[in-house]
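My structure is below; once you've seen it, I'll send some questions.
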Amino acid sequence: MSTVIKGGTIVAADRSYEADILIEGETIKAIGPDLKGDTVVDASGAYIMPGGIDPHTHLEMPFMGTTAAETWESGTFAGLAGGTTMVVDFVIPGEDGMLAAMDAWESKATRQASGDYSYHMCVTGWSERHFDEMPKVVARGINTFKHFMAYKGALMVNDDEMFASFQRCAALGALPLVHAENGDIVAALQQKYMADGTSGPEAHAYSRPPEVEGEATNRAIMIADAAGVPVYIVHTSCEQSHEAIRRARQKGMRVYGEPLIQHLTLDEGEYFNRDWDYAARRVMSPPFRNKSHQDSLWAGLAAGSLQVVATDHCAFTTEQKRMGLGDFRKIPNGTGGIEDRLSVLWTRGVETGRLTPNEFVAVTSTNIAQILNIYPQKGAILPGSDADLVVWDPKLSKTISASNQKSIIDYNVFEGFKVNGLPRYTLSRGEVVWADGQNSQPQPGRGKFIKRKPFPAA
Amino acid sequence: MSTVIKGGTIVAADRSYEADILIEGETIKAIGPDLKGDTVVDASGAYIMPGGIDPHTHLEMPFMGTTAAETWESGTFAGLAGGTTMVVDFVIPGEDGMLAAMDAWESKATRQASGDYSYHMCVTGWSERHFDEMPKVVARGINTFKHFMAYKGALMVNDDEMFASFQRCAALGALPLVHAENGDIVAALQQKYMADGTSGPEAHAYSRPPEVEGEATNRAIMIADAAGVPVYIVHTSCEQSHEAIRRARQKGMRVYGEPLIQHLTLDEGEYFNRDWDYAARRVMSPPFRNKSHQDSLWAGLAAGSLQVVATDHCAFTTEQKRMGLGDFRKIPNGTGGIEDRLSVLWTRGVETGRLTPNEFVAVTSTNIAQILNIYPQKGAILPGSDADLVVWDPKLSKTISASNQKSIIDYNVFEGFKVNGLPRYTLSRGEVVWADGQNSQPQPGRGKFIKRKPFPAA
Amino acid sequence: MSTVIKGGTIVAADRSYEADILIEGETIKAIGPDLKGDTVVDASGAYIMPGGIDPHTHLEMPFMGTTAAETWESGTFAGLAGGTTMVVDFVIPGEDGMLAAMDAWESKATRQASGDYSYHMCVTGWSERHFDEMPKVVARGINTFKHFMAYKGALMVNDDEMFASFQRCAALGALPLVHAENGDIVAALQQKYMADGTSGPEAHAYSRPPEVEGEATNRAIMIADAAGVPVYIVHTSCEQSHEAIRRARQKGMRVYGEPLIQHLTLDEGEYFNRDWDYAARRVMSPPFRNKSHQDSLWAGLAAGSLQVVATDHCAFTTEQKRMGLGDFRKIPNGTGGIEDRLSVLWTRGVETGRLTPNEFVAVTSTNIAQILNIYPQKGAILPGSDADLVVWDPKLSKTISASNQKSIIDYNVFEGFKVNGLPRYTLSRGEVVWADGQNSQPQPGRGKFIKRKPFPAA
Amino acid sequence: MSTVIKGGTIVAADRSYEADILIEGETIKAIGPDLKGDTVVDASGAYIMPGGIDPHTHLEMPFMGTTAAETWESGTFAGLAGGTTMVVDFVIPGEDGMLAAMDAWESKATRQASGDYSYHMCVTGWSERHFDEMPKVVARGINTFKHFMAYKGALMVNDDEMFASFQRCAALGALPLVHAENGDIVAALQQKYMADGTSGPEAHAYSRPPEVEGEATNRAIMIADAAGVPVYIVHTSCEQSHEAIRRARQKGMRVYGEPLIQHLTLDEGEYFNRDWDYAARRVMSPPFRNKSHQDSLWAGLAAGSLQVVATDHCAFTTEQKRMGLGDFRKIPNGTGGIEDRLSVLWTRGVETGRLTPNEFVAVTSTNIAQILNIYPQKGAILPGSDADLVVWDPKLSKTISASNQKSIIDYNVFEGFKVNGLPRYTLSRGEVVWADGQNSQPQPGRGKFIKRKPFPAA
């Protein structure tokens, strides 16, 4: 049983070319002219790209006293509808440690996911137990460990904990990830704004200024450098953080930066909307920034100082957001984006000339697969690669709206965005799982956990 | 008649993996396990990489009253011996214009070259004739135009000539290249040092300080930006120039920088050697810089702010160099490197951990092919690509010496460098043209001119 | 015959303190408590500051086929009305050379000026005659030489001319000044916009983008560094230029930058006004920039990377501006500001907390006097200093309007600005020449040429 | 009883000029030509400068289990011998709080000091008591509070403590000072080097790399910015820290940097001396850096991005240093410099052309007095200023040696430095307390505590 994608232009990170793709089973068998297969997927007039990988999601995440409403079922299907064939979620250990938490995550993901997935493991403290569990986590196929420099009193780790964990990563061939905001200062500023009576969503932005993110990014990089390990800064939202990354890279350090599609296209003006609900739905950390930061992020993607575009998809309903009425600190932090990342990036990035189509593929898929060490199983259109593919039709367009989205959240932060460029078909391991206009449905349990090997240890 | 390369690890810009390569005729037919062919090339214990491309050579170049002694025959064969399977040389128009000059270059290259080659066309003035000839040059397969901001009274163009030519490049889908040094200031400083009685090779370095290169780089970038065209800075030798490139890239401009293997590894101390011959042999423009600049260049290659490594191979004999005895301005400018670029870069770059093997391939071959628009015919190990390949043996080593080189020059600026990593075999379009220890010989006339198409015009 | 200024707070560049000032004749005799004199000037509730020095004016300048309409009489009186007690104008040599031009300038200035003045000498070409005249100019009391990198075909000098002149400055202990825009590129862009049919004032801004200024600034600095002389960049209007200055200063080079009060407070939006006259009146070079550049300039003044605030007062009537109807290239370049520099800077700089009152004095007077080598005769409140003083009343306010200005121009680019802080009294060499609300009149011929000595030669 | 200093050239921060100085009692009475007084101090052929102020000393400091051996008596006298007329020391609160500690310091200082002095108060934790004591400290004449980001387990404060204290400073009109090194990472690296068996003084440098200082500087600046208060970074030793300071200043923040004379002239090679004693005597935090950092610091002083030069004089005997034999972590941190700061800075800074004599005065005295808010009582040569003066003879020279120093320490880190420029006379409040070649003696108890007022509160 084979499938051939015919008539399209393959867009890879390194080049664009016309060729058909023959899929046998779950993988790409051949690439070339005039291929034949049992089933034909029409790509005429379209681009064929590696399926998007979202390296940063929080599906059904328990956080701030509630649980993100986007489920593994709805979230992964929303991804497929938007051309994203794999997500990497974050496991947060509780009292029972990393391995138990991974089991808990797996119990939700494996039965619901329509697309493939992996995890990052969070390090939320430090002890001998952490030291001992990390290699076991690596053995189970996770080679990335996330550290929060914010969320004081909850997930936050301090500098020596981070240094200890980074050293452990270096020894294990794992890559540390960092949520970079100075949690002490955020907490103090939050308190100050509440004390001043500024309790609305705008205070969320005020209490997390770009300087607070830039500082933490700079600190994380120094600690990684001291530990002799590369580092990946999640949700790089501002010039301050980007500047720290550039400065490090220009000394030869291996540092990666991940802008979100939200920060690339939405600005802090959103928090000043008179409608509390409107503003609260946009509350995430770091918050949206002013437009000068957007220019910095776009240029970084073109220059290569920033490498990937993610979503930090962590979606709460309006109802959940209202937990923070009267106290912005209690608004669950997170927004969605998994369904719209590719089309928004294409529209605002490729159609404007900021990024080439090849760079689009690099930042949404190939670079991510390489950095997370699953390339070329994922992120590539090569014989032997998983047939996670998007037939991208640059002529399809729509206006983004919560009213017709696959996500089960009751709003969309990109509401009203007109996008050009959408998946005509999305294939997950060889199977068409999304076809434009054909009422595709989720296939819970179809998605597989993708093991990621460690890097050669330092 | 097929060839299979067996038992090696393919190192591409994007990944490393074990596979055999099947070659039929001049191109790669298949890549995979257990391939079979008529002839077997043993790659066990070795890496297989795309053949090196040297984007910057001057073989038999008429310059400063003499002609570079390295011939197309010796130069291209030296390249093959070192793993470089293609060179891009510079055509310098004379009174009869660009097309006649191209014919003249071709008459030398086609009968002598052992490896493939292409040209950049130099723009050494501006007139309606230049305007008219440029599209014809493009039609003949050249999509890059070089501009000299130095060599006042000879090759130098001024700002409005450069702007006019850059605009023409934009319209034609061609890429402008720039030799960036402020020719006015160089000329004035040369005169000053001669007037002061400082006439030895060290004055060559004094009269071309890094600031003079940084300034011109910055200016070229501004002019390219105004013309709406990317720009490629040849022989980026210093932090000042690199800084200008970085600054531009961080605004989203498309700027490329090309360090030379010489500037990465040799410093200005060379010019203070008491032996006039020793110092004069190292005279090139820009001159070697102090070690802090080397750090900057290496970090740039790792960070991606610099993209390629070249040689500017323009080799004169000691006898020729002596034209400048008593007047450093008359020392023919140029050094060699084509034979040793890969082994020196591997030794000083990969073995030290500064670059990964994949980055090594990127900067010596893949990036170059992409920027010059001959990818994936060249610079790739993909089915359909020309079988320009190097079986790179990291265990082979030697001490570089003029006494046993293929270059016909009587010295070598890397004399005494111990290198680890050398070609076990070099293949040019499917044929083994260099085999370590087997007395391979040049094959004049074997090399072909490779046409390079224009980019989509702006 | 003595005067005492009583009851005020002296604001100097280094400190603020309460004291009276006793003036005898033209100079400050004593500073201290409870001084007595024949006449009392009331400074209660006010600051006493050194009179403003405007280092950059063009009164009655012949330029672009007409002559700036602001006369020495009206311009210097407007200065006094605004608290500026000295201006430094630019002498432009014609066919008869520098000394004759200086005579011509002097013939206009000496009989009209109400306040003191000096000149910069322009170097608009290079020859043995320039070499020979420069020391004579220095001997006549001018230690600064101005160079235009723009105005191609008119005032512009090229790089080797500039280098020659800078070397001469170094030998004479003179300071080179530079108008930094790349004249070649400006000319080419002007032609391009005209060819495209964009002929209005907005094309003036389009054809002189910040990059063009940044490039020239960077080049001027490199040339000065090669010549071993400090350099002063006039009308630094943008981050690009400021960045080049900072970068140089951080290598230990002595580089000065001069923002104008216009660039600090007006933005490029002015050129898009639908009223051609409105926009054309704002045409000057460099043009106004967007607001991000203003932030850069303000921060530079606070940080010390920019040192002085000037006006480039070169004022043409609306009638004159209309020479450029249909061809923006013919709009006489220049705006006014001499009357409002201090009050606008105080309002937008000191009242907002960007600058301290002491920094205000430094950038409007003291730093200028030091850089131009007339300190502490000017720019200081010290015994022996010329009694050029302003009694600055922070409670006086007005709305700037052409309808009630001293300048004889028929408009004002700051029209409608509400300013707080104005001179209650202005004293020129001990005499009250402006008193708020008292119908002060110009005193043509009162102003004196102030000789400026060379610096110790390099 | 009056004194007149005759025949010299006054060198102030703003200018140099020839004048006599008349002193009556402890203050300057008049400045001008041909002054007369009861006693004449001969300044012919010499410069007269404001006495040096050392803003950073630790006399008799209890630290690391011992007490700095330089006493208030010997230290302040060594200062006078070198031209420094005032020191600012650090009070470290113990269990009894800030006020008791200030009493303890005062009990040592008041009876021993030959020259004037002030204190900075250290904030080594945070509590309501700290909050309450700070205004009392301010009321007693201290307007600067010091924070240690290093010395984990001892003096170190964390980010929220620092933020709380900085906010308190803002409210009180006090200036926070910061010792900027990341104490967590230093502690971890120390442990690592000890574990690796690297226990000598070189490990002190290894465990405190420039990145660790740069990080903390960057963090301190962010925290100050969030608190709305300027910040002063003590002992800025490296480009990383300087870069953070520059970056902040270029955003308009008020940040000060203090290089030490040691970091300007001594490099990390000192720690590799085979003589353990030699190396251990140089152990201080931050450690000496490589020469590229020195270039950065010198350029910063010229550019104004760094403002003052101090010593961090905290001198232990060789005997004390030996506490760290076998464990570098126990070597008492600190070196001397109070006696030699001016002569070394003059020799290495002014004689080389890096700094002007006026800049020398600014960075050793005037800027310090302004930043610490004791200007113009100190740091100025103005009528009414304290007559703390140095008659600086640029022709006096010596070779620095422990064998003939006034400091009571048994070595000198500048041993063997040839210096040109030394005090001919030093005057403290009008009295000659040091005369070259005349066997001047300490005058314990002569020095006075100088109150420093708060700045206007934010």
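To keep things simple, chains are lettered A, B, C and D as they appear, and every chain counts its residues starting from 1.
Methods note: contacts are C-beta pairs under 8 Å (C-beta built on N, C-alpha and C of every residue); 3 or more make two chains touch, one makes a residue touch a chain.
Here the structure is a predicted model, which means the values were calculated and not measured.
Taking the CA centroid of chain A as reference, the farthest chain centroid is that of C. Centroids of chain B and chain D (each the mean of its C-alpha atoms) stand 53 Å apart. Centroid to centroid, with C-alpha atoms defining each point, chain A and chain B lie 39 Å apart. Counting partner chains per residue, chain A shows two or more touched chains at no residue at all. Shown here, the protein chains touch around one cycle, each chain meeting exactly two partners. Contact residues on chain B toward chain A in their complex (touch as defined above): 13-15, 31-32, 246, 249-252, 254, 295-296, 298-300, 302-305, 354, 366, 370, 375-376, 380, 383. Only residues 158-160, 163-164, 182, 184-185, 187-189, 209, 211-212, 214-215, 218-219, 222-223, 225-226, 243, 247 of chain C touch chain B when the two sit together in their complex.
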